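In the two complexes that follow, chain A is the common piece, with chain B as its partner first and chain C second.
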Partner chain A sequence: MSYRYVIPAVGLIGALAAGCSTPQSSPTEGTSGASTWTPPRTAWGDPDLQGVWRYEGTVPFERPKEFAGRELLTDEEVAQRDQVEKDQAANRLAGFEGAAVGRRSISESPIRGNEYNSFWQDHGRPRRVYKQTSLIVDPPDGRVPYTDDARKAEARSAARYGVGPYESFLDPDTGERCLTDGVTGMMWQGPNGGHNQIVQSPGYVTILHEEYRDRRIIPTDGRPHSSARQWFGDAVGRWEGDTLVVDTTNFLDRTNYEWASIWTRPSETLHLVERFTRVDADTIEYKITVEDPATFSAPWTAVIPILRLADDTQIYEYACHEGNYAMPNLLSAGRADAARRQTSSR
Partner chain B sequence: MRTVLLALYAALGVLGAAGAASGHHAFAAEFDANKPIKLRGTVTKMEWINPHTWIHIEVKRPNGAVERWAIEGGPPNALFRRGFTRDSLPTGIEIVVEGFQAKDGSRKGNGRDLTFADGRRLFLGSSGTGAPRDGRDATEQRR
Partner chain C sequence: MRFGLKGAAIVIAAGAVFALLWTRVAPVTGQTESYRAPRTVDGRPDLSGIWQALNTANYDLQSHSARPALALIPAPPHTGVPGLGRSKPVELPAQSVRALGAVGGVPAGEGVVQGGEIPYQPWAAAQKKENFEHWLERDPEIRCFMPGVPRATYMPYPFQIFQSADKVLIAYEFAGTTRTIHLNEVQNNPAATWMGLSRGRWDGETLVVDVTDFNDQTWFDRAGNFHSDALHVSERYTPVSPSHLLYEATIEDPKVFTRPWTIRMPLYRRFEPDKKILEYKCTEFVEELLYGHLGAVDPATGQTNK
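Up next is the complex of A and B:
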């Protein structure tokens, strides 16, 4: 068994995936509906999606170039990756955390993602390896179909990361300002791992997302979209068989998620369709289709397997403004940088 | 084979670390990667606040002066889920902090690696968290 060809591929995944990860058995396998598993129902007869869920996979959002033309890993590749994940979890439990979290020296690596050691992190369960080579399943190349302008905006966003300008509290992105990272990636992204609690009542599905205390109250009573534009748009839900379909329009174009890729940034023409299907007791197949001519040259679809956490899993407060020392610190750092630039230009 | 496996671990691990640490603010906006710090100090307070914890320590310099430093840690919710409680880092205990100083030169830094003064790691008494490959961690031998 040779790992030789795996390593560069995995390295690239690491480089590209900053921020997302995933694990085992293709989530798309669950879409056939041929499963013998019968999803539970609520007392009033709706499919029951309630619980605390998070994404625990290692699948890159966009398909790495190494996997161009390949939608799935081989069984052997899945087994190799799965073993590494299990060994990593064992290493963490044994206290061997260095290589287990891929620590590299500051000089060797970009600082992003390397600023805190594993002591600070919630490792949770071993991450799951899935066969998918990208969360994006359409277009077939597994890449975000950005318009040319959006690609330029993406480059500007990346260049601003950690660099600024930080002249005002409005310059940091909306996440740094403790507001939100937006709704598009909410179900599978988050600094604490993206914990989501789903609660249902007749006519409503409510989702509480731990980071930023984001919450969405989604009516499923057949009402039409309202005309109000909001940061999270206007979401209306409906049940199609065992699937919850959430259709969201009327987004407000006031956010700048500079940190995240700009696919998370809504414009007023964004149309987001999310499909939640419980494919087994512990998995929701979460499928999003994103359409926005202001940013994308075509609609795109991603399939994300979201896993159920233990029944006693709690969602904690976030209260981000409570201690967001980052804001004064990065503004004072901005002043220090400006002073240095002035001195060096003399 | 062993080195190959370690490389694979490392490559996968980068992804994991990036995934876990992503979110909120950019390190480079706040801290200076060219100003590494290593402080031995006594804990005066730990702030369990979102989005990041802050540990306050007093550092006694050789000339007798006492400096107060504030050290940024990871998110409290993640720490709590990991089993860290407010008893884990009691006031008065001596710790060693390695990290990077704030860009504005004030006595603030990020706490990349923390140990108790006797070298024990805060978790599990492990041999090392393997801050930039420092050889302290059994899994971190250089190729």
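Up next is the complex of A and C:
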């Protein structure tokens, strides 16, 4: 079974060389279409992944129910989605928000772009439409294999926005608390498009994620795992040919916090294996396999094409906690709400 | 253990060499021509590694005696007995920090400011004094805010330098703050920032970093030394032995000071095998302090807030 990033012919500038994979094997082995391209190396000889990178695709993380049993969109569906992306980008450029093109809730929108709060999501240009129907490639149904408890937690998480409770600072999610949205989705998620700056030095790969100023320091010098548990675990990397393989364990248990997406929450049994492969000048194929019996009934794998931004792209300071006016406001509103309820129940 | 006697001997030997160099060169320019650092593949001095300051600059950039706590209150003078020494007030730890006992004390330290004096304008000297007296309510470190520059360098946490071709990264442990030092040309920040915009260049053995685009929210230490958004910091990182960098920062801020002034200190290499910069994600450590009283319920007690 072939699993490709198929680039529709319609109006995309620059072809993305296809990384092809099956859920069972590495996407990079047997990569086609990139065979003549030689990945650059750093001055000290490691594959060079440096630059600022961002996922700009429209592929949903989990396969929507309407595509059950289908891994790929038809050409017509791709063309239609591409047109929607262009229209939405044009609308944003023209200054129209949501209502101008039909306001959609995040959950209803098959393709995000003009829903409520879309200013967080402005990519400045049409997003790329790919053929596949989910970023998750394994299990084959393209859905997160939650345990029953985790599924309940996810449902609760999805239902609580704008509803609460907001009794204390422990009620908002880790993102609202300016902590992090988790390391699992760091490479492709983020309200601001998920900018990631990769800087390498001999023996290290560092990744700075603009949002929450999340940072990963990945030694590639063959050292063993450190024993200190951390939010982002302990990452050790190694080079397999042109691929950076990162193994991360020793996470802190933060399942007692609220998470925007339950699949990003760490527990002590979380284990991540990530593979970063530059498949052409502008694309890292990022493959992540996630295992954690505390949240998932089986391991799952997602494959995400991450695009390189222009050389002069900078990431900026994300002073979230320093300017978290939302927290006092949320709590003050929660308190007013509690007082109102108490009065009305008398 | 991999870092045993041999490692200790290296540190001691390196320390001796450094002490020699320090004594000899420090009063002149802060530079040394005697030590040539190993080179990166592109021929630059290799500053990479994990470093830490070992001094009391984060308590106070200037010389200070030991004292019982960062927050003090004057005990009421006892005036009933003629000739009693306690007619002069005694400073005691403030209520909010008293429980920490000796852990909460302030160690004495010699200053790191060249010449000793911080040349405040008169209004700013008064402001600094007031900051000192209101340390507990005002120091941004307490709230886990990004520490700014140069304070990030001499906080009691390690930091790691990574050198690439056109970027140098400094990863600080405190608050997970990272600075990108751009060796290539970059535009100014679109807004004022906590950690500033860093532009670096090589001057012989020294990495020189110009830092601008600051906001006025950070402090230099726990003694209330402060600046405005006109701050311009010029840093110099010079390797002076395999185990030491000489760190100098010249501080200019025409809104607050009458002239530029300079701090100088050694930075020490951390030698522990496989040493890493770990997380100090203090945002979650200060939420109870900042927000515990604001919600309908205080999660520390489970009680309804009044």
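In this section, the second predicted complex is superposed on the first by the 273 of 346 C-alpha atoms of A that agree within 3 Å, B and C clash if a C-alpha of one lies under 4 Å from a C-alpha of the other, contacts with A are read in each partner's own complex, and residues count from 1 in each chain.
Everything below uses one rule, namely that a contact is a pair of C-beta atoms (placed from the backbone, for glycine too) under 8 Å apart; a residue touches a chain by one contact, two chains touch by 3 or more.
All figures in this text were calculated on a predicted structure; none of them were measured in a lab.
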item	value
Touched partner set for A:Pro219, first chain B, second chain C, both or neither	second
Chain B versus chain C as contact partner of A:Glu211, first or second or both or neither	first
Touched partner set for A:Ala310, first chain B, second chain C, both or neither	neither
Chain B versus chain C, judged by how many residues of chain A each one touches	B
Touching partner for A:Tyr166 - first (chain B), second (chain C), both, neither	both
Overlap of chain C and chain B interfaces on chain A (superposed complexes)	166, 178, 316-317, 319, 322, 332, 334-335, 337
Residue ranges of chain A touching chain C (in the complex, touch as defined)	42-44, 50, 166-171, 177-179, 197, 199-202, 204, 206, 208, 213-215, 217, 219, 223-224, 226, 228, 230-232, 234, 312, 314-317, 319, 321-322, 327-328, 331-332, 334-335, 337-338
Residue numbers on chain A that touch chain B, as the complex places them	3-4, 6-7, 10-11, 13-15, 17-21, 58, 80-81, 84-85, 87-88, 91, 93-109, 111-124, 127, 161-164, 166, 172, 175-176, 178, 181, 189-193, 210-211, 259, 316-320, 322-326, 329-330, 332-337
Residue ranges of chain C in contact with chain A within the complex	40-42, 48, 144-146, 160, 162-165, 167, 169, 171, 176-178, 180, 182, 186-187, 189-190, 193-195, 217, 274, 276-279, 281, 283-284, 287-288, 290-292, 294-299, 305
Parts of chain B lying in touch with chain A, wherever the complex brings them together	1, 4-31, 33, 36, 47, 49-52, 54, 70, 72-82, 100, 102-106, 108, 110-114, 121-133, 136-140
